[in-house]
Amino acid sequence: MTRAAPKPQCDSHPYLPMEAEVVEFTAESPSIFTLRLKLTDEQQNQLYSFQPGQFNMLYLHGVGEVAISIVSDPQDERLIDHTIRAVGRVTKGLQQLKPGDRLGLRGPYGRGWPMQECKGQDVIIVTGGLGCAPVVAVINYILMRRKKFGKLTIIQGVKHSDDLIWRERYDYWNTLPDTQVLIAADHGGAVWPFHHGRVTDLFSKSIVDPANAFAMLCGPEGLMQAASTGLIDLGLQPERVYLSMERNMQCAVGHCGHCQYGKDFICKDGPVFSYPEISDRLGVQGV
Amino acid sequence: MSDKPRIAVHKFSSCDGCQLAFLNMGEDLINLAEQVEIIHFAEAGPVAEDALVDIAFIEGSVVTAHDQQRIKQIRNNSQYLITIGACATSGGIQALKNLAADAADWPAQIYGQPQYIDSLDQSGAVSDYVKVDFELWGCPINSAQVVELVNSLLRGVSPIDHQDKVCLTCKQEQIVCTLITQGKPCLGPVTRNGCGALCPSFGRDCFGCYGPAENSNTIGLANRFAGLGLLPDEIQRRFKLVHASASENQRIIARDLTQDLAQDLAQESSDE
Amino acid sequence: MYGSETGFLARESLPELFSLLHVQGFDIVAPQIQDGSILYQVITGAEQLPSGWQDQQQPGSYRLTQTESPLNFSWANGPQALKPWLFAPREVIWRAEKQPDGRLQFCEPDAPDRKLAVLGVRSCDLAALKLQDAHFLNNRYHDPYYAARRKGLLIIAVNCSHPADTCFCVSTGDGPHAEQGFDLCLTELENGFLISSGSETGNDLYEKLPLTKATEKQLHNQLQQKLSASKQQRALPQIPVKQLLSERRDHPRWDDIAERCLACGNCTQVCPTCFCHKEGDLASLDASTSEHLREWDSCFSEGHGYMAGHQARPEIKDRYQQWMIHKLSSWHDQYGRSGCTGCGRCTTWCPAAIDFVEEVNLICGDES
Amino acid sequence: MSKRNLSIRVPILARVEGEGAMDLDIRDGAIEKLQLRIYEPPRFFEKFLEGRAYHEIPDVVARICGICPVAYQVSAVNAIESAFNMDPGPWVKAMRRLIYLGEWIESHALHIHLLALPDFFGYQSGIAMAKDHPAEVRRGLKLQNLGNEIMRCIGARSVHPVSIKVGGLHKAPDDAKLARLLRALEEALPEALEMCDWLASIPLPDDQQTFNCTALKAANYAVEDGILVSSTGLNLKPEQYDQHFTEFHQPQSTALWSHMDGEAYLVGPLARMNLTAQTMPAISQPVMHKFAHRFPSNNMFDSMLARGIEIVFAMQEAISILQGYSRPQHSFIESTPQESQGQGWSEAPRGLLWHHYELDRQGIVRKARLVPPTSQNQARIEQDLHRSLLNFGLDNSDDDIRLHCEKVIRNYDPCISCATHFLKLNTVRR
């Protein structure tokens, strides 16, 4: 695998953020929101480019930085979207921003999804937990360029039916040609219209051709592990199964050591890995 | 009315030392007063014990029936309740009383008219009685902790819970380890950082005034102290000072170390 | 070629080296005795060098004693040497200033431009320096602060004559004598120092020092010293530790370590190759400016494995495995060799007296 | 005088250390009840000390009081060193004096600016006063911080410092830090003098009364040790304390009270100035001479100026100790525990603080007794409240009466946290 991550723009001083402005704030759910940002420096704005699956470090003044995936389309006008779940210090602070507010941004960082490799192929996307941002970028990317890709299955698993956001979006996607949305909840409740149980139960229902498909996985490690083996059993080639990994991240440039996942630094060797690259560690306690 | 956050500083059973983290701030005390509205802080002047506030800081432990009512009232009146210092957070040095078998008799032993003394058998942490939103550890806490905390609250984000070990500070500051070079029973490896490794920087072993750190292996350290030649009673006294009530320290205090050591020795000789 | 020549500098002439360095604008960092240990500090003259000091090191124990000997370097490494001078324990990497109109300005502090000559660097630390260079400089991203300090650094190595009981650099191939990576290298003999140079800057100094040609006898003594310093009690096993460690995560010895380990992180802080750090903000009370700091962190701390609402390495055992497996296994994949240069610090400075080498041997040995 | 009835309750006394209240009942134009009621719950420190090793005592007793921890530590080590027959030598004594002076500066500056002065200028707090008198309050905070800085240099921090041990200091302070400290003190000294001028110019109630004073005396103004002298002519060593001073329990109080030969007495800055001003080098200097005539004083309100003068003294004294500083070979002498007992004392910012310990062969405390300044001042405070209120006049408005009483109490800088941490162990036991 030699998919090197491209270098970001702000390279002369790898730690120094650029100033960005909040253009739009969208509340997706009580704890999930989307920040649409724009670099305030026109030149930086022109130079900025990224690939789906890459991420930025967002800085909230006086509080700190967090790694957040870019969900907008790389070809979009120069606006950079981030969908964020407010869980802790920084992200809860980001949730209080309003249009016009300024923050810091540096990036993009990391190795994104294999978008070139899977042109013309079927794609199966498996996500778990609350709205998994990194794959939203892929879904948008494929839907924007629908003809360039084969069949698309989106499988979303949630613990509880209440955790599902973007219900309309899923319903809409499901109506598109060659596109299928499958949803599972561990605890569905009486009126849950979708599957009760695990996402892996749904693989057999997918419309994609396992022999010609790429898989993109994002979610809790246990789920990704189970999904990887399930998909490989289904007939996908292991090197076509991709996973987006997560570890604590401080610097995003491979210096701080926090995002080590075995031998890899998730910030620069990932966050997206192919299954064979990390199968030796997947699901191992303490790695 | 200003829209600045309203704060209160309440005192329970304590030495007043943690309130000094405010009063010893120097210029920052005046800066702070510009950022917040101080509603109740008896030692500094304003008295309004029952006012509604955004943030209530609590110093001291709960030791009387009246204290119990008072802390509940404060909880009801405050949006955030934050303990400052060992007394409020873990019961503090007063909690040594909790470990004494005859503590209930102390007032009678001491005061001519003990019926006038309102004192519970226990010195309790505030969290024994009401929900606490955040705890500042330390005996005493310092001004830097207060400034950092207030900074977070003013920005509407949760404060940072520092819980790494004193050892990390020692090494960053290039302070020489007292345990390694002098064989002293230093509690640094199980104590929260935040003080700046003051004791080791003055050549002495940390006695744990900032309380247990995250993942504190007090049993491992107690065994090491035994290896350094400390007797069971000395080992227990190490863990029984400022945060005697903390569960990590109780693991050592509430244990019959003489028994354990005897077993260990027997084990060792049978291994040979 | 540098280093083809070896000259002799009489002990009385050591001040000449100090003057030469001062003339060239260097501050001199050298060993000092402080609080029962040897620390590296800025000194102004050769007479401030400690003499006659010897160390006894054991797992979890370090003691110094002074003898009548005139030797300045007859001890093994103390808790820290080179690392803090390049990779600062705590520094501001940028500052954010909020303008009255709400705009943010990000400013970088001036890059450090101090010229430092470090006297007394041991070969294990030279090897470690190479690894830190690989991490902070020869990586895709350049650390500007490390780079600036590195640029101003002049290294005067001293060959180890008295390794500690905790040293095992011979088994990692990193000592006891320095082969490369220095500007000057000294071997301390009874009356003075054998000197060779290892760089152009070193050569320049070498030329200017009042040296005599090394005698046969002196060169023989140097060799003897190397041979005796190579007899070390401890050794890393000469087996494929890289695979064995990561395969044996279930070995019962890890549980035994976890009972003793205090997860205090001392081993990682004294290790000359450890690079982990965390970042944080220190804001002014009025919220206008905020300094973005980085400071040393450790894989033993809670924040290292923390993720939103989840901890990757909750148990002490997980953290010890991260430390040892990274050091002796992952490092090979990351930087082409193990991350351990045999300095023994992690063993001496462990408050729980855990013997790193012994544990590796037990986990990777055949008896399990 | 009208025959008025009045009842004033001040449930929480502001700007004092610790928790106290004041009750005043006037019936038919006469004071029926007037008391400073200390209700802060007891903390039983003397009990905690039992069973602790001698070397742990400084860390335990410091936590009795966050405002004067050094006073506790020094009285304790004085007592233990006397028990073990140790003399730690002049360097150690100078260092203890130095950190103690830091505590005086910090405590006095805090009391003057944040606790007492707002009364005289009509503010609720020092912070509120800072809006109209920014220069004076900032100067006060700066002096307070300098006191803290002295303590940080010698003891690592100003609340519960960590360097004092039986036999000396754990470690000699850092030379570079001391050099910076010396410069800072020299630079700030003129500001302390200005503060004194300013304090001397503030109009005070003229409230003459007679009272007993007690203080330690030494060749150079007593701080860390001395001989007890009193206006009644006592001249005592620590071990004679018990012969003249007795403690008793008042029902309204969780603190014990103390009498000297059966009478109330005053300890603290005014008592020190009244009895020993001539031993203070500062007072004989030309810049200070103008204040000398105010002492001895029968007006309790002169306590504030006494504190100001003590700040100047403390800074000058600290400067002279620092100028003569040299690093010793050893920062402490080893102690050899023995079965023994010892008494020791020192002049806390608020006055005399006496400790007594009984130790066993290993140096474990068997019994401890401590008498803090506020307990000693309690009887005097109530006496003063009565006299002063009568002088002031019971016809004044409720608010004025209340404020006047509070002024009187605050003038003693009572430290209630201290007062309640003590127990009399030789009282009734079954």
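By letter and in written order, the chains are A, B, C and D; residue numbering begins at 1 in each of them.
Note that in this section a contact is a pair of C-beta atoms (placed from the backbone, for glycine too) under 8 Å apart; a residue touches a chain by one contact, two chains touch by 3 or more.
This one's a predicted model, so the numbers in the text were calculated from it and none came from an experiment.
Listed by label, the chains that touch chain A and also chain B are C. When chain centres are set by their Cα atoms, the one at the greatest distance from chain A is D. Centre-to-centre, using mean CA coordinates, chain A is 64 Å away from chain D. Distance between chain C and chain D, defined via averaged C-alpha coordinates, is recorded as 50 Å.
With centres defined as mean CA coordinates, chain C is found 39 Å away from chain A. One inter-chain figure worth recording: chain B and chain C are separated by 36 Å, centre to centre, where each centre is the mean of the chain's CA atoms. Looking at chain D, residues 171 sit in touch with two or more other chains.
Annotation for chain C: residues touching 2 or more other chains are 35, 280, 283, 287, 297, 303.
Residue positions of chain B touching 2 or more other chains: 151, 155, 160, 203. A complete list of chain pairs in contact reads A-B, A-C, B-C, B-D. Every residue of chain B that touches chain D in the complex is listed here, in rising order: 11, 13-21, 23-24, 26-27, 29-30, 33, 38, 41-47, 49, 63-64, 67, 92-94, 96-97, 100, 103, 106-107, 109-113, 116-119, 139-140, 142, 195, 198-199, 201-204, 207, 209, 234, 237, 241-242. Only residues 34-37, 39, 60-64, 79-80, 84, 89-90, 259-266, 269-270, 280, 282-283, 285-287, 295-298, 301-303, 316, 348-349, 351-353 of chain C touch chain B when the two sit together in their complex.
Here chain C touches chain A in the complex through residues 93-94, 96, 98, 102-106, 108, 135-136, 139-144, 246, 249, 274-281, 283, 287, 290, 292, 294, 297, 299, 303-309, 312-313, 315, 317-319, 321-322, 326, 329-330, 333-334, going by the rule given at the top.
Interface residues of chain D, counted against chain B in their complex, comprise 12-19, 40-44, 47-48, 52-53, 56, 59-60, 63-67, 69, 106, 110, 114-115, 118, 123-128, 130, 137-138, 141-142, 144-145, 148, 155-160, 162-163, 165, 169-171, 248-249, 251-252, 254, 415, 417, 421, 423-425, 427-429. Those residues of chain B whose C-beta lies close enough to touch chain A in the complex are 151-152, 155-158, 160.
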